[in-house]
Amino acid sequence: MFFASDNAGPAHPQVMQHVMDANAGYAASYGADDLMRGVEAKVREIFEAPEAAVYLVATGTAANALALACHTQPWQTVFCSPVSHIHEDECNAPEFYSSGAKLTLVPGGDKMAPDALRASIEGEESRGVHGPQRGPVSITQVTERGSVHSLEELRALTGIAQEFGLPVHLDGARFANAMVRLGCSAAEMTWKSGVDVVSFGGTKNGCMGVEAVVLFDPAKAWEFELRRKRGAHLFSKHRYLSAQMAGYLEKDLWLETARAANDACTYLTAGLRARGVAFLHEPQANMIFARFPARIHERLHAAGAKYYIWEGTLEGADADEMLAARLVCDWSITREQIDLFLSHFE
Amino acid sequence: MFFASDNAGPAHPQVMQHVMDANAGYAASYGADDLMRGVEAKVREIFEAPEAAVYLVATGTAANALALACHTQPWQTVFCSPVSHIHEDECNAPEFYSSGAKLTLVPGGDKMAPDALRASIEGEESRGVHGPQRGPVSITQVTERGSVHSLEELRALTGIAQEFGLPVHLDGARFANAMVRLGCSAAEMTWKSGVDVVSFGGTKNGCMGVEAVVLFDPAKAWEFELRRKRGAHLFSKHRYLSAQMAGYLEKDLWLETARAANDACTYLTAGLRARGVAFLHEPQANMIFARFPARIHERLHAAGAKYYIWEGTLEGADADEMLAARLVCDWSITREQIDLFLSHFE
Amino acid sequence: MFFASDNAGPAHPQVMQHVMDANAGYAASYGADDLMRGVEAKVREIFEAPEAAVYLVATGTAANALALACHTQPWQTVFCSPVSHIHEDECNAPEFYSSGAKLTLVPGGDKMAPDALRASIEGEESRGVHGPQRGPVSITQVTERGSVHSLEELRALTGIAQEFGLPVHLDGARFANAMVRLGCSAAEMTWKSGVDVVSFGGTKNGCMGVEAVVLFDPAKAWEFELRRKRGAHLFSKHRYLSAQMAGYLEKDLWLETARAANDACTYLTAGLRARGVAFLHEPQANMIFARFPARIHERLHAAGAKYYIWEGTLEGADADEMLAARLVCDWSITREQIDLFLSHFE
Amino acid sequence: MFFASDNAGPAHPQVMQHVMDANAGYAASYGADDLMRGVEAKVREIFEAPEAAVYLVATGTAANALALACHTQPWQTVFCSPVSHIHEDECNAPEFYSSGAKLTLVPGGDKMAPDALRASIEGEESRGVHGPQRGPVSITQVTERGSVHSLEELRALTGIAQEFGLPVHLDGARFANAMVRLGCSAAEMTWKSGVDVVSFGGTKNGCMGVEAVVLFDPAKAWEFELRRKRGAHLFSKHRYLSAQMAGYLEKDLWLETARAANDACTYLTAGLRARGVAFLHEPQANMIFARFPARIHERLHAAGAKYYIWEGTLEGADADEMLAARLVCDWSITREQIDLFLSHFE
């Protein structure tokens, strides 16, 4: 009953098999391995972007920080949600990699509202040289609250960015989960919707640790390579990153694992709803924020269930006190585990 | 015949087995996995340092840059060899991670001479607030030219650092190769010889991508953790780093692979010497710099041998022109491959 | 009729006289001039802080950025008002000087409310190594909206900072204006109220360009000196900074000029109030935010009055549309100018 | 007898008069003052560069660091002399302002030799993404050893830079002293000789504290403005910088003061030579490095002469031990003072 995070689950056997297969003999280092050429071609094909620059790193924070740094001057500010990963969960990595840029938190929830984004952008640069200058807009898809922007919602945000000449970054740590939800293509969810650079996640969705950064305009490619090396994110034995991504993309595994996670979440949601549980946000991908009484939390914890209490504190809570849980389904969670979890609500 | 680099070889099966074994079910993320506890204990045991702080990252540059940043203020300068990896091969990563510190290149070769180090240290801070301030001393063991500092040589350098109150970093990307050569303990080659923090390499010696940073004084432990996260080097699925290191350390595999690499190098050296080849540096670990005629280079290249021409250019060279090669033996190179390589010298 | 800013007024003749007097013969450079010794002693006396470290720089942004950098780690966040100068008007200088720290904007107005500050502080570090860590609290006195914190208000904020072990910075670009308003001592408004480091402004209050940074705990003195030099803010001909500050402090000129500015503002406020003008904030020092019809703005502009339209746009406004103005009185503004300004409201 | 530095002398009365004259009434802040328009026009005229971007800052280190930062990426290295001010006397300011770039010290003396520069440039980037990338070439004119590059020497260096597509920065803290020596125009010594950006010094040559940065290609103008503000070097009461520069340039005062300093130095040199003193470098501007016995140093010190002992230590030296002195003549030094100084050599 592990619902703590999709970064606590195992890698998919197909990914591991590619890694094992890659471990034969010698291979050119630093990304010059043959596997990487295949990965590059495959990513370009998936994104329908034959010119795109494609790079691999091992962590989502690295993908975000490097992608943003290529599009942010130190005197600029990045527009993002107050609950974005780049703001809350990267220990100032975007500020570090951009040499001291700022983040402007667009007021509101996990999804930025177009009006709020516009107001935030207009609010900056009213002070000429004195204030921070306008930098990129960063959108998280799936959001940190489990919501998915529709293509219309994406375009509303990127349209505003374009109006002001600002580049758009998509934090796609759960890219596949969003795509499966929307039933759209990777191109539609990115450059066809006005996205300039995307962090395309693999780690949370069945890999050991690999993320692709896709720059649709290859003009920044060499800068990215230098920033990656200087940030110490260029793997010498790069083949093990390439192999993971190759395994992840082969035969649409990435969509299959995302679908498994989303479906598990839908099943869990339905089960909870049937048991009268209320949700803080409407679940749309593989993440749920649900509120239920402390006594059920107690029971679940005693039974070994793992997840974060999102609001409130279990310790010292009354049995009937309502506490919110964050429940994340990874690709490997089984119906049996979910059923077991739900059984504690009876 | 792959002698280009020890980062082009495969990972050892024992390491891969640990990675496969680690891929079962859920595991706590971000270094809280059970495997890491074992790794920490094992590293402390190996280094006879029960208090040491032990962390894993995936690249040697990350290990060096983070280790140095914890011991360097932005207005300081790091004393190192002009051919050190931190100067030549990290695209300004130490400068980046230290927020703009300088590197002072101690005049001389791959090993810093004590007198030269002392003169360099004394040369700084003659200008009060105007010049850079003295920062850590960084020593590379095995050096980038394949030399190994004896314990006496290490102590001569660290003694000078201590005299000036400067911390000492050891870049041990090829730590095991040096230890095997010296026949000493890990403690002797580090804290017993005045080293404060070590980058303990795994990648080049049989892993996919893992390095440990060992801080003998744990006072900087929390700072290291924050720097690692901010640098985007904290793995969410950390178990795959832990597993590599666990496999690497089990039953002294790390010493076994290093010994294999060093022995292969000794065999290659003897073979070359027997064929009248001269060396730029006396080989002491798993790296050779040897000079031989262009026509033999041609023959080797035609036969598919991989290695770097270190001095000179093959293209357009006369048949008898002497060109230097860098030849690196990784743990997996076979006698057959070496014999085949040598056969081209006949 | 110049009400645009107190940084547009002239320097006081007494300050200029000291500068002229200082321009005789040779003087030791980089702060070793004799004048600086007198300034240091005088500042310590004024602040009743015989141990304090005292340094001069030429801009308020330098004072703030250097003072904060000495108390902020790159992975921390500075707690401040959303309308603070350090956030809105320094083009990311605090982020630059701190090597990439974040600013947390405490929700609310120009003065941080204690509850809001506490909530903001508690909100950070709930995420362990993942989120930014808690850094200093920065308070602006006089605020950017012309308000003055009472000593009780200051202590309420610094008390919370102390509770969490966080240092407190006071941006005192208009330090004297606040002191005059409160009728308290410099010590009472700083270290006796829990402030650790203060930017003590001179520029806006009668100098050409000089600010003192006063560190009540001298432990950071050397770090400050290195940061000042590295930031290129150490003057070689430092005597001209010393002389300004010496002239500024002599015979309480600094309080006299602040009183003149505040009194002018009180006079202007009374005049506006008598003419039925409403204020966005209750004026407490030398700055007013007042709302009056576009036709009066037109009249004032035609007559050459200088000030910023704070809310709304004059161009295209209806004659009766209410637009807010920011009006700042510097030490040199005359009653005649104010009367002239007011005459346009008839 | 003050020969310690040209930054210890007073400002010229004409400069001070302009500052006093500027201190009347209100003036637009942050560089929008009327005086600055005149300064900009005058600098463009002097440099025969009607398009050049012209900015003022208060310190030479700020001028250098900001000028370089506009032309250096964080992953690049700046080519400079090992005795350059940017390397030895700026406490890592260039590294700070460039977000962590490196400085490559071209082996040799105060003037870079063309061959050495070429070899240094060729030495970098042999390692692709691994090593630092080539950045600007920075030339110091007058050098820190009192030498002046001829136009031919300048062009030899800038020609190499151009060959590699690298921008050229000129540190002209003593720009006027060099120009007077060469008898050339400002344009000839800069853009006509391949210089892209110049730090045009005023402080050492008769001002209180002002330096102009002249960017011959205005494409970087806005970036410079943002970097200046973010570096906290934009003066609010900018008129006092403008006034200094206006006074400095009026009626060729800058050339007059430089000529006075150079002439004084020539007179001092001749006097010393007549007394058998040897020089470490042939004096060419306003700085001398001369060697004479300890007993004369003793005598001079007893008589109150101020200068730096450049080589050796006076304390404990034998009477006949030869110690080198650095002697700098500022614009205000008198023949009487020099004669008095020389009298101690009898």
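Letters are used for the chains, namely A, B, C and D, taken in the order the chains are written, and counting of residues starts over at 1 for each.
In the analysis below, a residue touches a chain if its C-beta (ideal position, glycine included) is under 8 Å from a C-beta of that chain, and two chains touch if they have at least 3 such contacts.
Owing to the predicted nature of the structure, the values given are computational and were not obtained by experimental measurement.
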{"item": "Pair joined by more contacting C-beta pairs (B-C or A-C)", "value": "A-C"}
{"item": "Per Cα centroids, the chain farthest from chain D", "value": "A"}
{"item": "For chain A paired with chain C, centre-to-centre distance based on mean C-alpha positions, whole Å", "value": "42"}
{"item": "Where chain B and chain C are represented by their mean Cα positions, the distance between them in whole Å", "value": "51"}
{"item": "Where chain D touches two or more other chains, by residue", "value": "74-75, 90-92, 96, 99-100, 129-130, 133, 226, 229-230, 234"}
{"item": "Partner chain D, residues of chain C touching it in the complex", "value": "2, 4-5, 7-11, 16, 19-20, 23-29, 57-62, 64-66, 90-93, 96-97, 203-204, 208-209, 226, 229-237, 240, 306"}
{"item": "Of all residues in chain A, those that touch chain C in their complex", "value": "74-77, 88-92, 95-96, 98-103, 105, 127, 129-133"}
{"item": "Residue ranges of chain B in contact with chain C within the complex", "value": "30, 73-75, 99-100, 129-130, 133, 225-227, 229-230, 234"}
